[in-house]
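Inspection log for the structure reproduced underneath, given as structure tokens.
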Amino acid sequence: MFDFLSDYDDPTLLGAFWVTVQLTVLSAIGSLIWGTLLAAMRVSPVPLMRGFGTAYVNIVRNIPLTVIIVFTSLGLANIFGVTMGVPDDFEAKAFRLAVLGLVAYTGAFVCEAIRSGINTVPVGQAEAARAIGLSFSQVLRLIVLPQAFRSVIGPLANVLIALTKNTTVAATIGVAEAALLMKDMIENEAQTVLIGAVFAFGFVVLTLPTGLILGWLSKRLAVKR
Amino acid sequence: MTSILYDAPGPRAKRRNVLFSVVFFVLLALLLWWIWQTMDEKNQLEWALWKPFTTSEAWTTYLLPGLADTLKAAALSMVIALPLGAVLGIARMSDHRWVRIPSGAVVEFFRAIPVLLLMLFANEFYVRSTGIPSDERPLYAVVTGLVLYNASVLAEIVRAGILSLPKGQSEAAMAIGLRKGQTMSSILLPQAVTAMLPAIVSQLVVIVKDTALGGVMLGFTELLNTRSTLAANYANVIPSFIVVAVIFIILNFILTSFASWLERRLRRSKRSTGAVLGADKVDDVNAAEVGGTYGTGAGGTI
Amino acid sequence: MKLRKVSAAAATALVLGLTATACGGDDGGDSNGSGSGGGDKIKIGIKYDQPGLGLKEPDGSFSGFDVDVATYVAKELGYEPDQIEWVETKSADRENALSRGDVKMIAATYSITDERKQKVDFAGPYLLAHQDLLVKTDSDIKEGTDLNGKKLCSVAGSTSAQNVKDEIAPKAQLQRLGGYSECIAGLQSGALDAVTTDDSILAGFAAQEQYKGQFKLTGLKLSNENYGIGVKKGDTATVNKINDALEKMVSDGAWEKAVKDNFGPANYKNEPAPKIGQIVQ
């Protein structure tokens, strides 16, 4: 019944899911950084940066991820000649472009999560920080963001879970991750439902523990008020 | 310009801000110029590629039918997922174990699986056990997938909203003798929905965007799907993507604007209920647009 | 629900109406029934996005060689052009669409292979195409082996590019995109060196207004693709009827005319009409 699994060795099922994990981890790190930067821009004293941050988030969040990912490949790579440092290795290039697209997209959501975290920090904290003469970046770095991060672990976990599942979109530009393998299998085998179940199980294995661990962490680290 | 995060700028800070603005502006302008230049160099700005979008045929044959399907699937999914999500969210906080555990399992399960897979399953299910005609089946499958996933996410949003309310609210309700159902329906839920409105809206935006997944494997003729037919006809891949992206942005912008209007109305009429989020205090930061307060929204695009 | 039904019906009626007028239909086609209707409609799967073979035109009509063949066959089976309901069947969905009974038959650049024959039955073949390479007019790619180190594009899920990489040019860089129009846009911008799939498909794209004169086919016959009309597994009666229709189409000159109409503008030199049941390996 499961003999179709052993027919595929380039990549294997585990290999494909390993690519999914790599995509997820790299994009998660990237979008955490980019999202924090965006959030900082959105609350910064410079009006132009605020405007850019707001515009970026509102545009990127409203475009389907498929469009963004495809654009990194067709637009950035093919029209603008962005080769991501590997002009001659399509597989590596597609992978890096996918990470770039995922970071650009997920960053907008991370930004919003962090911004809502900033909102949960009591006003007194920031006021006290300003009262002792801290500058904007100091207020943000030393006082507000550390508290904000602790209160948004839950929402960030949701973003991470969504990101894990979103990596499947990378299949549209040919990154050999789980969804692409699934597509190949469905095309060549008749057992659509069984194949789907195997991959669904794979994603449950990836996302459920993430949700549980981070949920536990967010309770532990929550700022008690 | 006041913010809790920085003082009103003095003369030096003002100069610095102007400097930052100028540098940032120059960088942005350079980027935009480079984009324009490269597009021009690669002939992507040629009028022939964009002209089809000024003809009525491109719209009536390809884009509008696609848009209609996108809207249809999104609207149906929203209408079904919202109440279902609320019920699941409340059920998960039930005092009865036999209600709490199954609904929790349902929510966690459907949240963990990519929407595309849910759609595939739904499609296969409809093929095997129902007589839904083949030309309507993609719509049913897409809506089913979107409802299952988004109802679970909405359930979590509602639950988070209720949990975020101060304990005093339900304690006070109990103290004046309200029953559990009454506490939920007249005290907790109204406040939670107001507080969670931004998150709910980001989820609705996700629904609109995720209809696009139906086109990838189920042959649902939504906007992205009809786009590829259009691009094959006019040989304008990049412009067609840009136009479709703009349509999505406008669509979701209308949705979020409506929601923030609704939110302002609700906030005004129920002054100071969702105090926990302290959102009013930073209103200058999130004026006019909707913040994903609980950032649940990154969505299950595929 | 009611509103949805109405708008869906309206949209369908609009498209059908346009199709009907384009084909010179006589009946309004009110009963665009839900598939299981009185049998007065036939659903045929085609491609919507392949110029020269199956393309949805801006006026809502359909054109291409596959479309013409399917229309002819349907007529022989007793369906007038306005009784045909075209359905888009993407490559990955073709076997499923047949086995579910979503469509009666599929004429969508559907190559007869042993693997597919296990899941569906084929009538035909009605055209012999070859896998080929599309390159820029000034390209120096002449042989399959020239592809080593070059950037080759094909559509996700297509086996043709993999074949080239496995058997002819192992050092070729392979990019898989969502559709051929994406590949060809990349070829035009210089990001790709060659696009590979059936020459019949490539010729159609190369002949498009925007691309005229920019590309050429290398003329390498990398494989034989026998296009057949797919029907549900076990439906031998329909296969036989379609085969008769195809034979008649060749003998009365309609096949030649369809070839001229659709491949003429693309300057595609097709193979002569294949014999029914004769599959060129």
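Going in written order, the chains are labelled A, B and C, and every chain counts its residues from 1.
One rule holds for everything that comes next: a contact is a pair of C-beta atoms (placed from the backbone, for glycine too) under 8 Å apart; a residue touches a chain by one contact, two chains touch by 3 or more.
Keep in mind the model is a prediction, meaning the values are calculated, not measured.
**Q** Need the most distant chain from chain B, centre defined as the mean of C-alpha atoms.
**A** Comparing chain centres, C lies farthest from chain B.
**Q** If I rank A-B and A-C by number of C-beta contact pairs, which comes first?
**A** A-B
**Q** Taking the mean of the C-alpha atoms as each chain's centre, how many Å separate chain B from chain C?
**A** 37
**Q** Between chain A and chain B, what's the gap in Å when you average each chain's C-alpha atoms?
**A** 16
**Q** Based only on mean CA positions, could you tell me how far chain A sits from chain C in angstrom?
**A** 38
**Q** By residue number and range, which residues of chain A touch two or more other chains?
**A** Each of 70, 74, 79, 81, 171-172, 183, 192 in chain A touches at least two other chains.
**Q** Could you pull out the residues of chain B that touch at least 2 other chains?
**A** If we look for residues of chain B contacting two or more partner chains, we find 42, 217, 237-238.
**Q** Among the residues of chain C, which ones contact at least 2 other chains?
**A** Those would be 92, 178, 182, 185, 189.
**Q** Per the contact definition, I'd like the list of chain A residues that touch chain B in the complex.
**A** For chain A paired with chain B, touching residues are 42-43, 45-49, 52, 54, 57-59, 61-67, 70-71, 74-75, 79-81, 105-106, 109-110, 112-113, 115-116, 118-120, 122-123, 126-127, 130, 135-136, 139-140, 144, 152, 154-156, 158-159, 161-163, 165-166, 168-169, 171-172, 179, 183, 192-193, 196, 199-200, 203-204, 207-208, 211.
**Q** If we count contacts the way the header does, which residues on chain B are in touch with chain C in the complex?
**A** That would be residues 42-43, 48-49, 52, 55, 57-58, 60-62, 65, 68, 72, 76, 127, 131, 133-137, 217, 219, 221, 228-229, 231-238 of chain B.
**Q** With touch defined as at the start, can you tell me which chain A residues reach chain C in the complex?
**A** Listed in rising order, the residues are 70, 73-74, 77-79, 81, 88-90, 94, 171-174, 180, 183-184, 186-188, 190, 192.
**Q** How about chain C: which of its residues touch chain A in the complex?
**A** 92, 95-96, 115, 119, 149, 151, 156-157, 173-178, 182, 185-186, 189, 191-192
**Q** For chain C, which residues are in contact with chain B within the complex?
**A** Residue positions touching the partner: 4, 7-8, 11-12, 14-15, 18, 34-36, 43, 48-51, 55-60, 87-90, 92-93, 97, 100-103, 178-182, 184-185, 188-189, 205, 208-211.
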